[in-house]
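Next come the structures, one after another.
One chain, chain A, links the two complexes that follow: it is found with chain B in the first and with chain C in the second.
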Partner chain A sequence: MIEEQFEDLEQQQQAYSLGMWIFLASELMLFGGLFLAYSLGRFTHQTEFAQASLDMKRMLGALNTAVLLTSSTVMAFAVDRGEKGNWKGAARLLLITAFLGLVFLGIKGYEWHEEFLHFKVPGPHFQGDAGEQLFFFFYFTLTGLHAFHLSLGVLAVLTCAGLARYRPPAEGSPIMMLGLYWHLVDLLWFFLYPLLYLIGTRP
Partner chain B sequence: MSYLTGPPSLRAWLFTRDHKRIAWLYLITISVFFAIGGLAATLMRIELATPAGDLVQADIYNRLFTLHGTVMVWLFLIPAIPNTLGNFLLPMMIGARDVAFPRLNLLSWYVFSAGGLLVLWSLLAGGVDTGWTFYTPYSSTYTNSHVILMAAGIFVTGFSSIFTGLNFMVTIHKMRAPGMTWFRMPLFCWSMYATSLIMVLATPVLACTLVLIAAERLFGVGIFDPALGGDPLLFQHLFWFYSHPAVYIMILPGMGVISEIVPCFAGRPIFGYSYVAVCSMAIAILGFLVWGHHMFVSGQSIYAGLIFSFLSFLVSVPSGVKVFNWTASLYKASIRLETPMLYALGFVGLFTIGGLTGLFLATLAVDVHLHDTYFVVAHFHFIMVGGMLMAYLGGLHFWWPKMTGRLYNESLGKVSALLIFLGFNLTFMPQFLLGYLGMPRRYHSYPPEFQIYNVLSSAGATFLAVGYLLPLVYLTWSLFRGQRAEENPWGAHSGLEWATASPPPTHNFREPPRLEGQEWGAAPLLSSVRL
Partner chain C sequence: MIFTYWMVWLVLMLLLGLTVWLSSLSLGMWGTLLALLIACIKALLVAVFYMHLRHSSGLIRLAAGAALLWITFLFALSWADFLSR
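Presenting the complex of A and B:
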């Protein structure tokens, strides 16, 4: 369906795709500010950050990295099916993508729960020194913001999958745009994982 | 049938997707915020008429200047031209039916209003006393005013900026009419593009900075407070990384308006079109690299200071090029001094003074003397009020016949333009002297030897107030009783908006425009339009 402000389908698709790229650039600046603050914190509290990072569950983080990487692969196939006009196939793959996103969120939620039980949430009950608390603050902010983006992604993917089943869109661009977003959220995690989980060395 | 005579119900206006109606929603909203910010300024100027603190005490005064700064910067200046004139004109100027994402456009107004209401709530709850800059650790640890509420309001309005910027960029890239090449676009569109770039890339950094402040207040984590192991300079870096480019969000649209008004009333194409266009982009890009000049005396390294000083001088070059281009366009032209042109000429003069005093402040050694004095206040009011607000009013008067299909009272328009120009100079010129003599900003009382300058300044502010109220009266009157305007009442020649009816039909043009013939510089744009 062509919206009334556009001349033709191609213009509409190009506009949506460019809009998504600009949005992603804006997202990078949002995370960029937090990465800068994290870098300064790590620079001024090197030992505390390394120490606090040892409390992370590395294996669960690695597992989550694998889950998210797989979901991105499936998403790439879904985009491909969508472009070829295979809506049933695309919808099936989108459901798998969303499922893997939910698995990631489940594992992440379990980790948060564990950290909550061990008094690692910043605030009056935090157990550790100021530098460690700063590390955990960045940990919760960055992973929280990431999980928020992923949740929005899961909702959008499920909506798109449902729509594709019952009312196939006339063009492949919604899935393509979802793919762009999903890959960015995925990519952000590949920076978060080493920065938060892997900076400490065990004695 | 015009966009104004469509469905008239409130519901039709509140759920409209027409960029021209959304421009009106914004126009009304920001006028309300301008009145609130202006009221705070009025109270401050009354207080400063005498050296002693008699009308308000320090804590109320702190809340007043915070309110004035926050409301004027985020709820008036940032959306002023892009969301009103920009929304109204941009699609028409490039020959499109609407912006690329009309629903997102409407959403941006709702988001903006919600953020504005949060800011007003923080005001009713008792206000904030940190200044619009929210410097840490005062804002994050020590103040007991409503920082989180106000920060939340600004955080939310930020999204409306991002939505608008994204929308405009896509619109300019993808919605231009056949034959409308980049270097045929009116210069206003170039300034909108440059502004949008900053909105999209700088605003998210402010968002995460505000989140960090709220977090430090809520959890007591040491991000910015040195007592907790944080770094206050980090806050200033993050804040000015947004807030200096934000100055260009405020002034670039004003430059775009002037670049439309000057050629119209000089009766010829602008001098050096492509230089003005490219300079808008240069200002937007260089503007990202100068934030450190706010921190010369904050403990930043002297080498960083040197580089930021150099880059700040560099960003003045494209601004200077524009001033020369506007002036050269006037050379030996037959100039018509109608209301919009009076505002435009006022802009050129005041912006030049504001820009040159900016160079004083960008000079490392001079800044040590002038930092945090009234010199800084005068400098940025010359840019923001003398520059941006003059351009906004000039643009509003210039496109008013197009927006409403009515003409306003020209002599009242000229009176208010002159009143604002004189009142402005009387208000802010003495503040340069005050600052040079050493009066610091943000104090409600001062030594008696500064009184004469403060009295002059307060007197000027009353002229300004009258000058701002007059247009409200005669523009509103013209809405109902004004003479009907024709398609192109000023004989303008640089934009497609003059080639359609006043007020325009819902889809802007009866038929999509096509442009033929030469590049912009060779012939005025309108002569090449085929409707």
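Presenting the complex of A and C:
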């Protein structure tokens, strides 16, 4: 369906994409500010950051990266199906995408739980020096903000899957916009993983 | 289309493996730089293929690139200030 303010489908698509990309750019800048703060913190506490990063479960992090990038691939296929008008196929793939997102959150939640049990949450009971605490402050802020985005993504994907199955939109735009958001959240994790999990060097 | 998407997935997985392997070599700051370089390549692959920048108009690409430009300013100005105190 073409909304009345647009001349044709292509123009509508163009406007949707542009709006979405401007939103994504603002998301990138939100994370960009945190990355800047991280870089300054790490520069001033290099050895402490490297030490604290050794506590990370790097294989679980790698597994989570694999889960998330696979979910992005499935999402790309879902967008493709939606564009071709295959709503049932798109809905099925969206459900798989949401499931993989939940697997990611489950693994992340398990890691947080472990860190909580090992007194790695910044605060009066933190075990370690000030530099290590700063690292964990960044760790929880960055992974927390990322997981928040992913949770919203899962909710949106499930909603979209339900809509696609029972009340299909007339064209593929909603799934495409959702796909852009999902890919961005995936893409941010590509940077979080090495910066948080892999900076420790084993002696 | 299907072939391309799976190829991108394969390359992303291989790059992930490379990142994990490099991190076991204890390269220090160089290790971080290499890991970030690989992350940039992965991000570019996702943006170009999955996010359709390959087929997008110049306007969309400009909007996508604008954030990177401003983040570059943010880092350049902040670090210039931080390092020259």
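Going forward, the second predicted complex is superposed on the first by the 191 of 203 C-alpha atoms of A that agree within 3 Å, B and C clash if a C-alpha of one lies under 4 Å from a C-alpha of the other, contacts with A are read in each partner's own complex, and residues count from 1 in each chain.
Simple rule for what comes next: a residue touches a chain if its C-beta (ideal position, glycine included) is under 8 Å from a C-beta of that chain, and two chains touch if they have at least 3 such contacts.
All figures in this text were calculated on a predicted structure; none of them were measured in a lab.
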{"item": "Chain B versus chain C as contact partner of A:Leu40, first or second or both or neither", "value": "both"}
{"item": "Partner chain(s) touched by A:Glu4 [first = chain B, second = chain C, both, neither]", "value": "first"}
{"item": "First, second, both or neither for A:Thr141, with chain B first and chain C second", "value": "first"}
{"item": "Which of chain B and chain C A:Phe77 touches, first, second, both or neither", "value": "second"}
{"item": "Chain B versus chain C as contact partner of A:Pro124, first or second or both or neither", "value": "first"}
{"item": "Which of chain B and chain C A:Leu24 touches, first, second, both or neither", "value": "second"}
{"item": "First (chain B), second (chain C), both or neither touched by A:Ile96", "value": "neither"}
{"item": "Contacts of A:Leu105 with chain B and chain C, given as first, second, both or neither", "value": "neither"}
{"item": "Partner chain(s) touched by A:Gln14 [first = chain B, second = chain C, both, neither]", "value": "both"}
{"item": "Partner with the higher number of touched chain A residues, chain C or chain B", "value": "C"}
{"item": "Shared chain A surface residues [contacts with chain B and with chain C]", "value": "14, 18, 22, 25-26, 29, 32-33, 36, 40"}
{"item": "Residues of chain A touching chain C in the complex", "value": "14, 17-18, 21-22, 24-26, 28-29, 32-33, 35-36, 39-40, 43, 58-59, 62, 65-66, 69-70, 72-73, 75-77, 80, 176, 179-180, 183-184, 186-187, 190-191, 193-195, 197-199, 201-202"}
{"item": "Footprint of chain A on chain B - complex, ascending", "value": "96-102, 162, 165-167, 169-170, 173-175, 200-205, 207-209, 211-212, 215, 219-223, 228-231, 234, 237-238, 241, 507, 512"}
{"item": "Touching residues (chain side chain C, partner chain A) in the complex", "value": "1-2, 5-6, 8-9, 12-13, 16, 19-20, 23-24, 26-28, 31-32, 35-36, 38-39, 42-43, 46-47, 49-52, 56-57, 59-60, 63-64, 66-68, 70-71, 74-75, 78-79, 82"}
{"item": "Residue numbers on chain A that touch chain B, as the complex places them", "value": "3-7, 11, 14-15, 18-19, 22-23, 25-27, 29-34, 36-37, 40-41, 44-45, 122-124, 130-131, 133-134, 137, 141"}
